[in-house]
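Listed below are the structures to be examined.
Common to both upcoming complexes is chain A, partnered first by chain B, then by chain C.
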Partner chain A sequence: MGQVFQFAINGLMSGAIYALIALGIVAVYKATRVVNFAHGYVIMMGAYFYYTFAVLLPASDWFPDLTYAPDWLATAKAEAPMFSPAAAYLSWLENLPRIAFGLIAAIIAASLLARVIERFFMRPLLGQSQFAMIMITVGLISVLSGVKSMIWTGDAASVPYLAPNPAIRFEVFGSPVFIFGANLASMVIAIAIFGAIVLWLRRSAAGVAMRAASEDQSTAYSMGISVPQVFARAWVLAAATGAVAGAILAARDGISPSLGLFGFSVLAIVLMGGLDSFVGVFIAAMCVGVLEALVQWQLGGDWVEVTPYIAVLIVILIRPHGLMGSEEVERI
Partner chain B sequence: MKHTSLTRRGLLGSAAAGAATLAMPTVLRAQPSEYIIGASLPLTGPFATAGQLIAPALSLFESMVNGEGGIDGTNIRFVVEDSGYVPANALANYQRLLASEGSNLVAYYGDSTGFMQLVGPELKGDQARMMTSTSFATELANPETHPYQFMSGPTYADQFDILLQDIAAKGGKTVAFIHSNTEFGTDPIAHGQARAAELGIEVVLIESTKAQGADIPTHVTKLAQANPDYCILQGYVTGVWPQLIGGARQFGLQTKFMGTFWGMEKLIADRVTAEAGPFLEGYQGVMPYRYSYDMEDAPRLQQISEISKVALAGTPLENYMPTWGIQAFASLELLTIALRRAAEAGKDLSVADNVAEQVAGIQDVDLGGYYGTNISMENNKVGVGRVYEYSAETNLFTPTSDWLTA
Partner chain C sequence: MINGNLKATYAADERINNNAYKTAFVWGFAALAALFPFVANDYLILIACQYGIMVVAVVGVNVLTGYTGLISLGHGGFVAIGAYGVTIIHAGLTALSVPAGLQPFIAIPAAMALAAGIGLLVGLPSLRVKGVYLAVATLSASFIIIFLIELDALAPFTGGKNGLTTADPSFFGWVLDTQREVYALIAACAFATVLLVQNLFRTRVGRAFIAIRERDYSAEILGVSLLRYKLTSFAISAACCGLAGALFAYFYARVLPEQFELLLSLQLVAALVVGGMGRTMGPVFGALVIVLAPEFLKLTLGALMGSTVEAAQIRAPLQEIFFGALIIGFIMFEPLGIAQISDRVFRALNRWPFARG
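On to the complex of A and B.
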């Protein structure tokens, strides 16, 4: 039972990151009725922006030193046993300036990238078929992948965690349970961002405008809503949350081009939860996260990659519009 | 009127002259102005770093061999093309070079197991050339199925064998295998299980992960539950293995981690140490060659060091040749021995059988210090290796075992 709890909590921590990624796909879909197949690659770009601003730039000779290293911290760090919780907190504190700079700069850079994508690739297709816009997002996968290869190498690398990473140990039903502190904190961050944005979209004027544009663009125009601005806002929201998710993923698993592939498994989660339902997608993300962890535990890694797709197939066979999706949603 | 008559002597003379004329192209083919050795390297794509580190090694090797008189007095020249780590691209590179250079092309350096598998069935008749590559895939070390492909080190299965011998010698009782879910990752697992059983070591976990972007917490959790004395990591190059070790150390696991050739590069270990701290302290693994800084009684490594200081001044390779470059040097050194022996025997070097015969005949050779022992070619491989350990303080891998044979 303790082991089930162990892998369930691992799965929930993954699921929260999936939910944060899925938020971007659903936001763009709700505003524009476009399924963004390139969202994983937007996240990959966000992760590489974080890597650039938190690791590469601070390591440059010409860039200001972003390390917080007062004497007391250096002394405390030297005295703390390696891999102890104290060492983890002190190390995080030392890196905090570059973590904060990296994350903020990554969010800004990803948002600018989203504005460029929306302005030059998506907006010219306003009024055209949704299929054409979806195909543009498919093309964006190659474009973003190519841009990444031109700027960064394909080597995997490490980036600092957003939160301190002490090992947390306790027992459940007599079985030892281990949790990475940074992953627990990342889960909290992801859920908090997810919840805050969903509330904002539901209660703010911007959220209402987004829903209106989604229902009928012409009517939204006639009601004084700037539809292009709504589209841009949705893309920026997706890219900004994607940058946070990318930074979390890169810190957890290392940064590599494979981060782009996360988008596809999360797309399956979105279809499973319902394309236009934040709540449905959140539940689906958590379920898939736990399912993957349990499959990894019992069946091994070879089965994990197909798990989200098998899960979505089963759910769609039973509920064609996903767990909580609207029935009028057109399938792609 | 003068009569001309065809005498028997005249006829034989004319026939001889005609035969000599017809044979001339063959003679000319056998002595080209230079021998071409082709190479496909991943100069772009996911393993661009590896390709860009190997390319200078080929250039240095070319100047070294030509400075020693080339092959039977004929210089060699490398033709290096980018594969992007796509086997089909490397195959196209090979076929294009074969078409343009013909019999001047005498050998080829491949960039991956995938390429060696893809090109294998194509190596027939005049389309075949002797090949070596970056791969240590177990299936390639088989002269019956891959007669024209060899490797300058032990296969991945052999590398597991060497590590398991070392674990047994150090009193290890339990081991875990963590590998990527690629052919590269799964290659030695079955052999490792069998060998561990023979040595009395219990395999307590076999864990498959993604090659990149693996779910580190879940894998570390499983490792923590198995809690082995040793864990061998296989099928990774720059990613996953450092995160796994970092996670395990964070959890306080005392498991000793080991890697195989592609997880043993000092540049990667140094970078991980600089970025994430000294958690690779004590990391061990098998290496078929000596590190380039281990130059005592190694004239070839000393020569490489001297040339690198000049030819690669201002680059990261000025003072250190990566293991991936040393692999290329050792492989090409063996190839050159075979080509020289074939040339001395008057054989056509563009006939792969001629070179393959000489490769198989390399026995008890001192290669100049790439290895710490004399080596022999058996089943198209060199089955020796040594266990090294990394120090995060000195940033060096140092040996912890003698040279072991699989």
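On to the complex of A and C.
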């Protein structure tokens, strides 16, 4: 029973990150009716931006070191036993300026990238067929992955966690449960961002404009809503949340080009939940997270990579528009 | 009004090569392909074989995406099934002591049938979903296929991540053990595939595909069974890709799972978009661009930077960017592909000196 709990909580932790990534795909789809196949690669770029600003830049000679190292911290660090929670907190505190600078710079850089993509690749195709839109994002996959290899080397590297990473151990029903603090904090961050943005879309004027544009573009236009601005905002929102997700993933799994492939499993999750339903996508992300953890437990790590794909095929066959997606009405 | 294309009889209008350009192109290309192995060096043979394999596969994608209007991002998976299928069937036939000279006649159709069968299975979601849902479903299917090939539990059959070695095909004792000989097989298959698919779209089945592409519900109301024709389209398309896979396995004599991953699926779609969707010549032009682009890039980089390490390092990323830019550029500026450009050129030639373009 305790083991089930361990895997369930592992699953929820990765599910929350899936949900954060899926948020970007759903937001872009809701505003612009474009399904972004390249979202995984936007996240990969976000992760590499974080890596650049949090690790590469501070390591170079001409840039400030960006560590917080007063005397008391150094002595406390020397006194704290290895692998103790205190040591984890102290080393996080030491890296905090780097993490903050890296994250903020990564969000800005990813947002700029999104503006460029939106302005030069998506907007000229407004009103074109769905096929053209899908193909453009498919082309972007190739372009982004090439640009990444041009700028950064293919070596895997590690980046600092966003949150302190103490090991948390406790017992449930008599069996031990073990959690990394950073993963737990990432889950909290992801769910908080997800909730805040869904709330923002419901309540704020910008959010209402976005929903209006997704409902009916020309009516939204005639009501004085700047639809191009709405599109740009959706893309920036997707890229910014993607950068946070990318930073979390890069710290958890190490930074590597395979982050891009992650986007495809999230795309599967989005379709499972329903393209235009935040709630459905959240539920689907959590379910897939837990399912993956259970699969890892029962069948081994190999099967994890195809779990979302098998799940989406089954869900699509039963419910073609996902768990909570709205059915498209076609008139002949 | 199209002029310079006068037909005096219905028979003339129904011919496949219904104008002089097509006739000249087809016979010219056939003559070129037949003479090619006697004059070309090994490098050109390699390129030509890659091209032929690509044409067969892209024709397959064209049947599904170009003519039936169903998007697939997972056709690399069918190529993998063809390649692995033919290799495993060869091994099986040898174990059953079937004479080597007869094996390809069983192995190639069997591999195509296997790919078609799996195509049917993958096509099932197409009955309920389309557009982006189908794109993700096919993508998922191709990930699952590659995963199963790499799976340790199936490694005794598929060789896992180490891949398999394909036997040299032997036609009644003529063993195709050089690339030049396999070229003959590839050229014949490529011609046959293009011709058969062109003919398919003069039949009832082909017209049903096109009706589904234009508007599937309207087609259904007119009596076209969506169940039957969508699945047929998937099967034919997968069979073409299976054939491409079989040729691939014969040509390289070694199949590895990573050769069939996402990149291949994207290349197939890119070739189709660049060449022109739903056109016979689309795959022929598109595959040429996709196969020659890396070589062209290699030559340009070599001329600019010499054969330095840096040149080799940036070649792969540049190639990726170039593929992506090709897709994006054609979708934005010439969505109907090179086939449309060539149409325009020939129309202008026909009407010269009157209307141009």
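Following the convention adopted for this analysis, the second predicted complex is superposed on the first by the 328 of 332 C-alpha atoms of A that agree within 3 Å, B and C clash if a C-alpha of one lies under 4 Å from a C-alpha of the other, contacts with A are read in each partner's own complex, and residues count from 1 in each chain.
Rule of thumb we're sticking to: a residue touches a chain if its C-beta (ideal position, glycine included) is under 8 Å from a C-beta of that chain, and two chains touch if they have at least 3 such contacts.
This is a predicted model, so every value here is computed, not measured.
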> Does the superposition put A:W297 against chain B (first), chain C (second), both, or neither?
Replying inline: first
> Touching A:A76 in the superposition: chain B (first), chain C (second), both, neither?
Replying inline: neither
>> Quick one: is A:A167 in contact with chain B, with chain C, with both, or with neither? Answer first, second, both or neither.
In response: first
>> On the A-aligned overlay, A:A156 touches which partner chain: chain B = first, chain C = second, or both, or neither?
In response: first
>> If we overlay the two complexes on their shared chain A, which of chain B and chain C does A:V55 touch? Say first, second, both or neither.
In response: first
> Looking at the overlay, does A:V4 come into contact with chain B only (first), chain C only (second), both, or neither?
Replying inline: neither
> Which partner does A:L93 contact after superposing on A: first (chain B), second (chain C), both, neither?
Replying inline: neither
>> On the A-aligned overlay, A:L267 touches which partner chain: chain B = first, chain C = second, or both, or neither?
In response: second
> If you stack the two complexes on chain A, which partner ends up touching A:V138: first (chain B), second (chain C), both, or neither?
Replying inline: second
> What residues on chain A does chain C touch that chain B touches too?
Replying inline: 149, 261, 302, 305
> Tell me, which parts of chain A touch chain C in their complex?
Replying inline: 35, 37, 121, 124-125, 130-132, 134-136, 138-150, 261, 264, 267-268, 271, 275, 302, 305-306, 308-310, 312-313, 316-317, 320-321, 330, 332
>> Using the touch definition from the top, list the residues of chain B that touch chain A in their complex.
In response: 44-49, 181, 206-222, 224-225, 237-240, 242-243, 246-247, 249-252, 271-272, 275-279
>> Taking the touch rule as given, give the residues of chain A at its contact with chain B in the complex, in rising order.
In response: 3, 6-7, 10, 13-14, 55, 82-83, 88, 91, 149, 153-159, 165-167, 169, 176, 178-180, 183, 249, 252-254, 256-259, 261-262, 292-293, 296-297, 300-302, 304-305
>> Could you list, by residue number, the parts of chain C that touch chain A in their complex?
In response: 71, 73, 124-125, 128-129, 131-133, 135-137, 139-141, 143-144, 147, 151-152, 215, 217-218, 221, 262, 266, 269-270, 273, 314, 316-328, 331-332, 335
